[in-house]
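The two complexes that follow have chain A in common; it is paired with chain B in the first and with chain C in the second.
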Partner chain A sequence: MAGPFVLPGGSNLAVAATLVLLPLILPSPTLATEILIFAMAALACNLLLGYGGLLSFGQGMFFGAGAYLAAIAMIHAKVGLLVALLTALCSGALIAALVGALAIRRTGIYFVMLTLAFNQTAYFIAYTLDGWTGGDNGLLDVPRPPLALFGHIFSDLGSPTAYYVFVAVVFLIIFMASGRIIASPFGSTLIAIRENEARADAVGYNTRHFKIVAFAISGAITSLSGALYAMLLNFAPLENIQMSESILIMTVIGGAGSLLGSLLGAGSWVIISDILADIWPRWQILMGGALILVVLFLRGGIWGGIESLLKRCLNKKER
Partner chain B sequence: MSKAILQIENLSLSYNGFMAVNKVTLNVAHKTIHSVIGPNGAGKTSLFHCLTGVRRPTSGRVLFDGKEITHQPAHRRTCTGLARSFQITSLFQNLSVQENLRLASQGRDGDRALVFWRSIAGRREHMEMADSIMERLGLTQKANIAAGDLSHGQQRILEVGMALCGKPKLLLLDEPTAGMGVEDIPVMTRLIADLGKDYSIMLIEHNMGIVMSISDTITVMSQGEILVEGTPAAVRTDERVREAYLGEAA
Partner chain C sequence: MLYIFQILNGLGLGMIYFLISVGLTIIFGLLNFVNFAHGAFFMVGGYLCYSLVALTGSFWISLLIGPLIVAFLAWVSEKTLFHRIYHLPHTFHILVTVGIALILQESAIIIWGPIGKNIAVPQELQGVVTLWSFAYPVYRLFLIAFTIVIGMILWFLLERTRFGALVRAGSESAEMVSLLGVNIHRLFAQTFALGVGLAGLAGILSAPIRGVHPFMGVEVLGIAFVVVVIGGMGSFIGALMGGLMVGLVQSVMSTVWPEGASLMIYGAMAAVILLRPYGLFGRA
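Up next is the complex of A and B:
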C-alpha cells in the first residue's frame, strides 16, 4: 500500500468537476443536493472508520443533533443561515467529543456497543422532548434563511439550484479540509493508531486524545450535514437519529479509507434508492445484498475496485 | 563517576501473591550495555513491563536520569528519553518503512501532533530523523516498502530503529533476536554493539550466548530475584548461573 494520501490536488479537481456535472446529469438539483449532504456525513464517518479504525454507531445522533439544533436556533433565536450552521458545527463537535471520550474508554465490540447505546439514548431523549423536537412527528417548518453576511444578502437560496450551489461550495470546503486533516501530523497519527495502537502508545502518543479529536471533527462535519439536510427538507424528522447504519453502509460501500469513496458511496446509495423506491418498496434488501458483496469481494469498496482496475490498465500499457 | 542513568530500587511486582519480581535493585550506568538474562519465568519480562510502564510495580522505585518515574504512564516515558522495542514485532505493518520511522520520531511531539490544520511537511525534522535512522540501519533501499513486506530479520531491525527515533537516553530492548534465523542473529548483535557506543542500553535476553560478547555488565535473574551481577567473564564462570540454566536443561 502506498502513502495514505494519493494525488491530493487530483482528487480535489475530480471532486470539483463532479460537483459541476452532478446537477446536469441528475433529474433534479434536489437529488444532487441530497447526495452531497450524505457524502459529507459519509466523509465524516470515514475519518473515524477508514482512518481511525473506529466503528461508530453514533453518527445518526450527530446528524440529528445538527438538524435539531440548527432548526431550533433559527426558529426560536431567529438566527441567520451561517450562524445556524456554525451552531450545528460547534455543538456537534462538543457532543461528539463527550460521547467519544466516554466510548473510547472501551475498545473493540464494547466500544461499538457504547456508541450504539448513546445513539439509542439520544433517540429517546429527542422523542421525549417533543416541545423542542416535535417528537414522533419531527420538527416542522424549518426555515431556509437567505445567505447573508453583515446585512448583505448574496442569495435567498429559494430555488433548488441556488441551494445546490451553496451546498456544493460547503462540500468542496469540507472535502479539501478533510484531505488536509489526513495529511497532517494528526491524520498520520490517527492512521498509526488504526494500524497498531500499542505501538503508537509506545512511541509517545496519548492515543485517547487523538481519538477524542477525531470524534470532535467527525461530529462537527456530521452535524453540519444534518443542519443542511433540515434546511433542504424544511423538516427535521426523528428518523435522522437512526441514520447511523445508512451512513456506515454508504461509507463502506464507497470505500473506507478513501475520501472520494465517500462521495461515490453516498452517490450510489441516494441514486439507487431514488430509482428503486418507485419500483419496489423493499429496495433496502438490495442495498443489504450490495453491502455483503462489498465486504466479501471488494474490501476497498467501489473506490478500491476502481483503483485496482486503473492499476491493472496502467500495468498492461507498460508491458 | 556519573550517576547511573537508570536506578531500580527494591522493585517488586506480584500477580495475586505470586512474586514475579522480588526486591530487585539494579543500576544501569551511562553509555553501557547492561544485559538482564535468565531462564524462562525468571521475571525478566515482568521487570521490563515495570520499566516501560505497562505494569505498575507493587512496591519499590524506578529512577530515570535522577527523576522518579515509577508511576508515569507509558506514553509519557518516551518524551523523557526512555524508548523500548517489543519482543513480538510491533510495527505499522501497512505503512512504509519511512513512515514507520517518521511516526516514531513525531511521537516525541506528544499532543503537539494533534495539529490537524498543518501539513506533515511543516515538521521536516521528523522526516530527516527517519532518513538518518534508515541510513544507520541499512534500510534506505527499503524506504517505500511496507513494513509488513520486510523479511523477519529486517522487521526486527526496524523494531529497534523505532526506538531510536525517540532520541532516547536509554534504550530498552526486549529480546531483539526473538524468532530470528541463525544467519540474522550476528547482524542484530553487531547493530546493538554499535549502538552501545552512542546510547545506554538495557537488553533483556533469553539466549546467554548473544549477550556475552557485547555486554559491559550482566545481571542474571532467577525466580524473580537477582542471582548474580558482574562482567561477562565473571558471570560465565559462576557456579550458580550454571545451575540455574542447567535446572532448565538448557
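Up next is the complex of A and C:
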C-alpha cells in the first residue's frame, strides 16, 4: 500500500472542521451520520489493510455482530445507550481477536480465504439463530435509548441532528485514538510487519501478537460502528454481515494507509449511493471501475492523489 | 431410495463445482493469479445460455458457442487488464478482480434485469428415466455423463499434450519455461481463457437446473474457493475430489438441514487450511 503516512498536526483539526461542516453541506443529518458510521468501519479496515497489510473479508462479521449484540443487549437486557455500545466494543474485540488468532496462522491467499470462511460461517449462524437475530428479516425495532450517565439524561437523541452530534463526537474520539495508535510504537511495529514480516520477526517482535491486537482493535471499532448503524436505522439487517466487500472498497478507494482517506472513501461511497440510488440503481458499477483504477494508477487512493497534488503545488511555490 | 436420488444429484452438482474449480485452480497454478471474478464469469455463462436459447431456440448451440464467448471475454480482459497486475501481490489481484466481478454483476442486471430467469430443459432431454421403481430426470443424467467426458478430455489435454506439459512446467517455474523459448504471455492468456471458459461452461450446464440470477456468481465463487482449498491449490484431482465432496454434502444435507451444509463446507475449509494448508491432494 502507500508509504507510511505521518499524521500532520492539523489533521485532527481538519476532521473536526469537516464534522461541523458535513451536516450543513449535506441535505440531511442522517446522511452525514451514515457517512461517519461507515468512515469508522473503513478506518478499522484501514488499520488492518493499510497499516498491517492484512486484507480481511471478515469486517462484515464484526459490523453485523456489533449491530446484533448491541440490539440484543438493549432489547433483552434493557441496557442503556453507553452500555450497549460498550457491549458491542468489547464483544467485537473478543470475536476479532479469536478470528484473527486463527486466521493469521496462515498468510497471503490462505489468510484471506480463512477470513472469508469465518465471515460466511457467521452469516449462516446469524441466519440459523433467527430467534435472536430475526434471521432473513433482520432484527426489527432496535431502540435508540437516550444518552444518560448515572441517571442523568444529557439528550434523548430523538432528532437526527442530536444523533449526528453524538456520532460525530464518537467518530472524533475514534479518529484521534487511531491516529495515536498509528503514531505509537505499536503502529510503527505494525507497519514494519507489513513491510517485511520476516525481518520484524528476526528483530525480535512477536508478530503474531501484534497482528492479533490489530485485529482486536479493528474488530472493536467495526462493531461499534455496527451498533451505531443499528441505532440509526432502528434495524439490524442480516445483510450487515455481507458488508465486508463494500467496507473494503471504501477503504481502498479512499486510500489504504491514511486515516483521512477512510473518511473520504466512506463519504464518496455514501454520497454517490444517495445521489444515484433513485436515478441509477446500478451505481456500484462505478465503484468496481474506481477500485480497478485505484489499484492500477492511484495506489494511495483519493487521499493519496490529493496529497501528491498538494505536494506538487507546494514545491512550485518554493521555486 | 431418496438417498440414491440425493447422491445422483450431488454427483451432478459436484461435477459442476469441479468444472468451476478446476479452472480456478489451473489459473492459480500457472499464473499464480487469484481470480475473484471467476464466479462472475460463471454467471455470464448462465445468462449467455438464456440469451442464446431465446435467440436460436437451441440449447445445443448455446452449449457450443457460450463457453467460447466467455473464454473470449476472459482472453480480452487478460490481454487488456490482468496481465498488467501479475507481478503485484495477491492483495491487488483480489481487489482488481473484485472490481471486475462487481462490474460484470451490475452489467448483467442492466442487460437482463434484477430478477432471475428460468431456462427450459432442452426438448431431447426432458422427462425421466425409470429403473425399477426409481425415476430420475434425463437432463441430470446427461449432465453427469457430459461432465465426465469433459473431465476426461481436460485430463488428456493437461497430461498428454504439449499444451498441458507447458502448463504443468509453467506451474513449477514460469520463468524457466519462458527462458526455454516458450511464449509465456500467449500461454498465460490461453490458460486464463481455458480456465474461465470452463466456468462459463459450468454456468451454461447448470442453467436449466437452477435457473440464472445476478448473484449466482458470488455464491459459487465462495464454493469454488472452498473446493480449491480443500483439494489443494493447483491440483486437478483435488478439484475433482473436492468438488464431488462439496456437491454430495450439499445435496444430502439439502433435505435435512440446508444451512448446515454451508456451515459444514466452510467449517471444513477452515479446518483444512489450518491443519493441512496444502489441501488434501496438494503438494507441499
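Keep this in mind: the second predicted complex is superposed on the first by the 312 of 319 C-alpha atoms of A that agree within 3 Å, B and C clash if a C-alpha of one lies under 4 Å from a C-alpha of the other, contacts with A are read in each partner's own complex, and residues count from 1 in each chain.
Everything below uses one rule, namely that a residue touches a chain if its C-beta (ideal position, glycine included) is under 8 Å from a C-beta of that chain, and two chains touch if they have at least 3 such contacts.
The model shown is predicted, which means the values in this text are computed figures rather than measured ones.
Visitor: Have a look at where A:Leu55 lands relative to chain B and chain C in the superposition and call it first, second, both or neither.
Guide: It touches chain C, and chain B stays clear.
Visitor: Of the two partner chains, chain B (first) and chain C (second), which one does A:Leu102 touch, if any: first, second, both, or neither?
Guide: Once the two structures are laid over each other on A, A:Leu102 reaches chain C alone.
Visitor: A:Ile292 in the overlay: touching chain B, chain C, both, or neither? Say first, second, both or neither.
Guide: second
Visitor: Contacts for A:Phe154 in the overlay, against chain B (first) and chain C (second): which applies, first, second, both or neither?
Guide: It touches nothing on chain B or chain C.
Visitor: Enumerate the contact residues on chain C facing chain A in the complex.
Guide: Interface residues on the chain C side: 34, 81, 84-85, 88, 90-92, 94-96, 98-103, 106-107, 109-110, 222, 225-226, 229, 233, 259, 262-263, 266-267, 269-270, 273-274, 277.
Visitor: Under the definition above, what is the set of chain A residues touching chain C in their complex?
Guide: By the definition above, chain A touches chain C via 49, 53, 55, 102, 105-106, 108-110, 112-114, 116-118, 120-121, 124-125, 127-128, 245, 248-249, 252, 282, 284-285, 287-292, 294-296.
Visitor: Can you tell me which positions in chain A touch chain B when the two form their complex?
Guide: 1-4, 180-181, 183-189, 191-192, 195-196, 198-207, 209-210, 213, 217
Visitor: Any idea which chain B residues touch chain A in the complex?
Guide: On the chain B side, the touching residues are 52, 74-76, 78-79, 84, 86, 90-96, 99, 102-104, 106-120, 123, 144, 146, 162, 165-166.
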